[in-house]
Every structure is written in C-alpha cells, then in structure tokens.
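Structure first, then comments.
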Amino acid sequence: MADNEIWLDTLITATPQEGRELAMKMARKTIAAIQRDPEVRKKLRDDYAEDTAQLISSANVVALEFQTVAKANNYWK
Amino acid sequence: MADNEIWLDTLITATPQEGRELAMKMARKTIAAIQRDPEVRKKLRDDYAEDTAQLISSANVVALEFQTVAKANNYWK
Amino acid sequence: MADNEIWLDTLITATPQEGRELAMKMARKTIAAIQRDPEVRKKLRDDYAEDTAQLISSANVVALEFQTVAKANNYWK
Amino acid sequence: MADNEIWLDTLITATPQEGRELAMKMARKTIAAIQRDPEVRKKLRDDYAEDTAQLISSANVVALEFQTVAKANNYWK
Amino acid sequence: MADNEIWLDTLITATPQEGRELAMKMARKTIAAIQRDPEVRKKLRDDYAEDTAQLISSANVVALEFQTVAKANNYWK
Amino acid sequence: MADNEIWLDTLITATPQEGRELAMKMARKTIAAIQRDPEVRKKLRDDYAEDTAQLISSANVVALEFQTVAKANNYWK
C-alpha cells in the first residue's frame, strides 16, 4: 500500500538543489497523506496552479521544509 | 477520558519518516484539542480535504511541527 | 485583575505532552490579551471551532509556540 | 515625535511572562509603524478584536516575536 | 537605477530598535522588488494600511525578518 | 530542459544583499516548479503584483528563505 511506502529515509542530499527537491517532495507528501485520492489531488492541482495566492502559500511550506533540510545538511558547507 | 490520553511521550523517532508521521499527529491533536467533537471533526475533514488552500495551510503546520521533531532527533544523523 | 495574573512562570515542563498544553495555553492567552471580554471570546470560539481554516491557523500558532517550549526544554532529552 | 520614541532598548526581560508582554508590544509597534494614525488604528482594533481569523493571525505574530525574545533570554533558564 | 541600489551592507545594527527598523526595511524592499512601480505601491499602501488583516500579515513578515536580524546581532547581548 | 537546470549550487553569497536576491530567486523557483507554464506565470504575476495581500505573502516566503541563506552564511559576519 502507498500508505506504507518508505519515501523519507534520510534528510541528507548531495546538493542544495536536491535539497530543494526534497523540500518540495515533503510538502507534496503531506498533502497526499491528507487527501489520499490521487484523482481528487489531480483535480485540485489544476485549480491551485493557476491561483497565485495558493502558489505563494505552497512556496511558504517549501521554504519551511527547506529550512529543515538545509540545517540537516549543515547548509552543504 | 480522551482529554487525559497520553499521546506524546517523546519526540524521538526511529526514522525521518516516522518523524513526519509524528508531525502530522501533532497537528491533528491540536485540532482535536480545540474541536473536541469527533463527529464535527469528521464532517469538517470532508470539507477541507477538497480545499487546496486548507490542504496547503495544513502542510504549513506539519512543516513547522517537523522542524521541531527533526531538531529533537538531531536530523537522524 | 486578570490582566495581572501570573500564568507563565517558566517554559519548563515535565513531559512533551505538558509542553503541548503549555503551547496551547500560550496561544489562548495571546487571544485573551487582545480580546479581553470573555463573553465575546466564548461567542467567537463557537464560530471558529467549526471553521477548518481557522482551526488550521490555530494549529499553526500552537506549532510555533511549541517550537519555543520544546527548545527551552532541550526537547525533553 | 512618536516616530523617534525609543521603545526597544533590550530584548532581556526578568520573566517569561514579561517576555510575552514584550512580544505583544513588538507586534503592536510594527502595526503602529505602518498605520501611524492612532484614530485609524483604534477603529481597526474594534473590528479585528471580534474577528477570530485576525485574532489568530495576531497570535501567530506574537508567537514569532516570542521565539526571538525567549531565545535572547536563553529561555529564562 | 534603483534596482542596483545597495541597501543591505550588513545585518549588524547598534540597538534592537535599529534592528526593528532594518527588519521593516527588509520587508518593504521585498515588496518593492516585486512591484517596481512606486506609484502603484503608493496606491496599494493606502489600501492595506486600513486593512487589519494585511497589517497583521505585514507584522508577521517583520517578525520573521527580525528573527534573522536579532540572531545576526546575537540579540544585542 | 528547464526542469533539469542547475540553479542552486550553493547557499553562500558574497554579501547580505546578494543573499536577499538568492532568497527571492528561491521563492520564484518554487512557484515555477509548481506552475511550469511561463505564459501562465506571467499572467498570474500581473495579477498578484497589484494585490497587496499577495505581495505581503510573497514577502513572508522571502523572509523565510532569507533566514536559511543568512544562517548558511553565518550572517556575513
């Protein structure tokens, strides 16, 4: 079952950009955990991708997740 | 009584993914502490799971809770 | 007077769960400091407890307060 | 002039509760810096004190300011 | 050109209050970077300065920027 | 493909102001990753640049991203 899928083994990534991708995945996975029906999610996605307020709110979530990922990676220094 | 249920003994989890699950539980438990009627919560849940703005706001809360959990676990390093 | 009530002597709590309770109290006390009329607050509470967007926003505040409480307690480690 | 008033000499407070009061003051002072007309602020205040969504948003700001104050005071430990 | 203006040489300020002013400037400069037309900004400002929800959101941004400034200054200790 | 473009090699910048620019780029890139059609983004941008609520929300995202960049750079001290 998708519910049991292991998708977050580690917060460590090779590069900052991979860290961004992980942050985006983390945000997406939260949404998917709340709204489990992929068909509903797909329909919702079509809506919010044209709604700037929601795009900006999504970027807020990604910024927060990236704070965590960046710290875990000691800012790739 | 549910109010007295001990559900948060520790912030330590074995893996990052379990940390995500704990972060989601923390967010849910806050909602449950404010709206104590499970029937009302169930009805509300049906609404917000199809409202992208609210899904994104929920993801913002989870991202914040996960910051705390991740730090408590020293990022599972 | 309630305004002078001392309700926050320390950020230290015995357990993470008591830390959650403190975080919720901190959020409530801010609201009470802005809207001082308990009758108005009670009426408002009836509204927002059935409004998922506001429940989620409340959970965002609690998540932030808990970040502070958890750090003060060194994550109860 | 009020604009030149020194109101923030230090982030250090004697107790956590005084830290809460400072956090609330910081939030209020930001609003006052943007909307400088006290008459307008007074009128606006009457509105938002009965609007739960805005009360909760205010509590979000106070939670953030308190994070800073608490850290400055090393959590009053 | 204004776009090339250097306005942020350092995060260090002499006092906490100057740190607040810098935090407010940082927030304003972000808005100015997105909406580059000063005439449009002026008109928008007239609107939002009488809209409490937006004043509170602005205070949220300032609180976040101040977290960064305060940390950079080691809380002026 | 633009999707594979490497745009974030490092969080290190020479100056705080370049750090602001990076923070803004990070916010923009998140939006672009969600709404991949540049024509749609351009149209959306025209809308939100005249909507103060959205400008302020954007500034919130930039403030969060800048927290990460500033920390990565040890506040350019």
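For the reader, a short list of remarks on this structure follows.
Order as written gives the chain letters A, B, C, D, E and F; numbering starts at 1 within each chain.
In this section, a contact is a pair of C-beta atoms (placed from the backbone, for glycine too) under 8 Å apart; a residue touches a chain by one contact, two chains touch by 3 or more.
All values derive from a computational prediction rather than experimental measurement.
Between the contact lists of subunit B and subunit E, the overlap is empty.
The set of chains touching subunit A and also touching subunit B is empty.
Superposition on CA atoms relates subunit B and subunit C by a rotation of 60 degrees, given as a multiple of 5.
Both copies, subunit E and subunit F, contribute mostly unmatched positions to the interface they share, with under half of the numbers common to the two.
If you average the CA atoms of subunit B and of subunit D, the two centres end up 28 Å from each other.
Between the Cα centres of subunit C and subunit D there is a gap of 16 Å. For this pair, subunit C with subunit F, the centres built from the Cα atoms lie 32 Å apart. For subunit F, the set of residues that touch two or more other chains comprises 53, 57-58, 60, 64, 67, 71.
If the chains shown are joined wherever they touch, the resulting network closes on itself as one ring, and no chain has more or fewer than two partners.
Starting at subunit A and proceeding toward subunit B, the closed ring of contacting chains reads A, B, C, D, E, F.
Subunit E meets subunit D in the complex at residues 15-17, 20, 24, 49-50, 52-53, 55-60, 62-64, 66-67, 70-71, 75-77. By the touch rule above, subunit F contacts subunit A in their complex via residues 6-12, 26-27, 29-31, 33-35, 40, 44-45, 47-48, 51, 53-54, 57-58, 60-61, 64-65, 67-68, 71-72.
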